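Here chain A shows up in two complexes: once beside chain B, once beside chain C.
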Partner chain A sequence: MAVELGIPAGVAPETTLATCPVPWPHGPAQQFAAGRRAAASALAAAGSADRIVPRDPDGRPRFPRGFAGSISHTDHLAVAVVAAGAEAVGVDIETAAISPRTAAFVLRERERRTLLAPAGAYTPRELFAAKEAAFKALNGIGALGDFLFWRIELDQSDGALTASYRGEPVPVWVRSEADLSFAVAIRR
Partner chain B sequence: MSDTAAITTDEVKQRIRELLADLFGSDRSVSDVPDTVSLREAGLPSTALVSLLVAMEDAFGFEWDDDVEPEVLRSIESLAGHVVALRG
Partner chain C sequence: MGEKKAMNRDIHEVVDELFRRRLQVPELNPDVPLVDYGLDSVRSIDLIVEMESEFDVHISDEQAAAMRTLRDVVDQVTASLTARVGQGGSDA
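And now, the complex of A and B:
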């Protein structure tokens, strides 16, 4: 996939991003390994001496202390984002087409009416990625418990997208390149 | 299948596997996942999970409640158990 991902505009400049292609046969093992390679590169760029990201018992990647990070992948590309000093980071990349039925499942009527084009500036895939990224950033907050990513609510103010769940907000940035949408959520 | 027909857990699990095969085609790492293994850990992306949930609404004639517990959506077995409980 010939896509050059970059940090979306507005994200703190000390945030680092790295990508790694997923080799054939593009299965879960290859996706996992590519994600860890991307995470090691993002950690190196952020100045972390520790570049190992083990998997916690719940399946989440455990980044080194002081370097919040997140990993996402498709069948062909893995991406990792690290934000030194942040409380939590979430990243998501999506290439799948989001059908109107799927959009209706994950987006509330208000979100569809105000955020999707033509009234809003976003595509269904961008908002899907935004909710997934926000979920990863918020899911580590113990008080919120276990929840489903589509319960997160999206709002826009002054051109900025904010996700929230049970009153806990996190800003989200999205951008699209070619046939891929990319979202980053950083909680400080 | 009618909304009132009795249905077994095995029948629901088989139908869910058929839906997964429809969604994933030849990707047997997902369509052959064991009943109790997490679908996400088996490699099912979130977009595909939502597509499966939508397809289940059509196949089994129900709508997912907003407050469904995440654990219900974990595996083929937990999904099937939910459908059977609704139809019971």
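And now, the complex of A and C:
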């Protein structure tokens, strides 16, 4: 899958992104390894000497101090984003089609009415990715406790997308390339 | 007790088939985390919606969050079905 993935417009320029194809047989082990290779590349581009990203007991990747980062993958592509100095980063890539039933489950009625076409500019898959990315950026905030990503709310103001949970906001940027949607959330 | 065991077995067969088909794996160990079989968020929500339709139950957020393995899924669907049957009994 030849996809040129770039940082969405509006994201701070010092944010770094790297991708790595997932080799055959495209299983969880290959996806994990590709994600770590992408993370190492993104960390190198961000200037980190430490490029190892171990897995915490809860499964989350632990990026080196001072280099907040996040990893996402599909069956065929892994992506990592690093934002030096940020509090938390979340990234998500999605290639799956989002059925109307799944969209209705994940998106509130207000989100479907205002953010999806024709009133809004987003696709269900972009909003799904936005909630996933925001969840990764917000999930590390201890005060919020455990929650599910579809509980995050999305709002748009002046063309910018903001995700929030229990009053904790995080800006989210989305873009789509070919059959793939990509979202980045950065909390500073 | 026998009826409950039979219900659990039936739920397990349906859930196992649903998850194997969606994850495209020939076999699922009921105690291995489903993410290890490649379960991602899109497929997990598709499966929740499908199970709600298949079993005519509501799966709460708390139940969804507790579904880490196939055994967890069977337990939570069984709990939802039991609650629904209990509600039906009290209405009658």
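Going forward, the second predicted complex is superposed on the first by the 188 of 188 C-alpha atoms of A that agree within 3 Å, B and C clash if a C-alpha of one lies under 4 Å from a C-alpha of the other, contacts with A are read in each partner's own complex, and residues count from 1 in each chain.
Following the convention adopted for this analysis, contacts are C-beta pairs under 8 Å (C-beta built on N, C-alpha and C of every residue); 3 or more make two chains touch, one makes a residue touch a chain.
In this text the structure is predicted, and so the values were computed from the model without any measurement.
Chemist: Which term applies to chain B and chain C once both are placed on chain A by superposition, clash or fit?
Modeler: These partners clash in the superposed model.
Chemist: Check whether A:178 is in contact with chain B, with chain C, with both or with neither, and answer first, second, both or neither.
Modeler: After superposition on chain A, A:178 lies in contact with neither partner.
Chemist: Let me test your reading of the model: by the given contact rule, A:102 touches which partner, first (chain B), second (chain C), both or neither?
Modeler: Touch partners of A:102: chain B and chain C.
Chemist: Return the residues of chain A at which the contacts from chain B and from chain C coincide.
Modeler: Correct list for chain A: 27-28, 31, 59, 94, 96, 98-99, 101-102, 105-106, 128, 132, 146, 148-151.
Chemist: Under the definition above, what is the set of chain C residues touching chain A in their complex?
Modeler: 35-38, 40-43, 45-46, 48-49, 61, 64-65
Chemist: Which residues of chain A touch chain C in the complex?
Modeler: 27-28, 31, 59, 75, 94, 96, 98-99, 101-102, 105-106, 128, 132, 146, 148-151
Chemist: For the complex, give me every residue of chain A touching chain B.
Modeler: Going through chain A, the ones touching chain B are 27-28, 31, 59, 74, 94, 96, 98-99, 101-102, 105-106, 128, 132, 146-151.
Chemist: Where on chain B is chain A touching in the complex?
Modeler: Touching chain A: residues 29, 38, 40-43, 45-48, 50-51, 53-54, 64, 66, 68-71, 73 of chain B.
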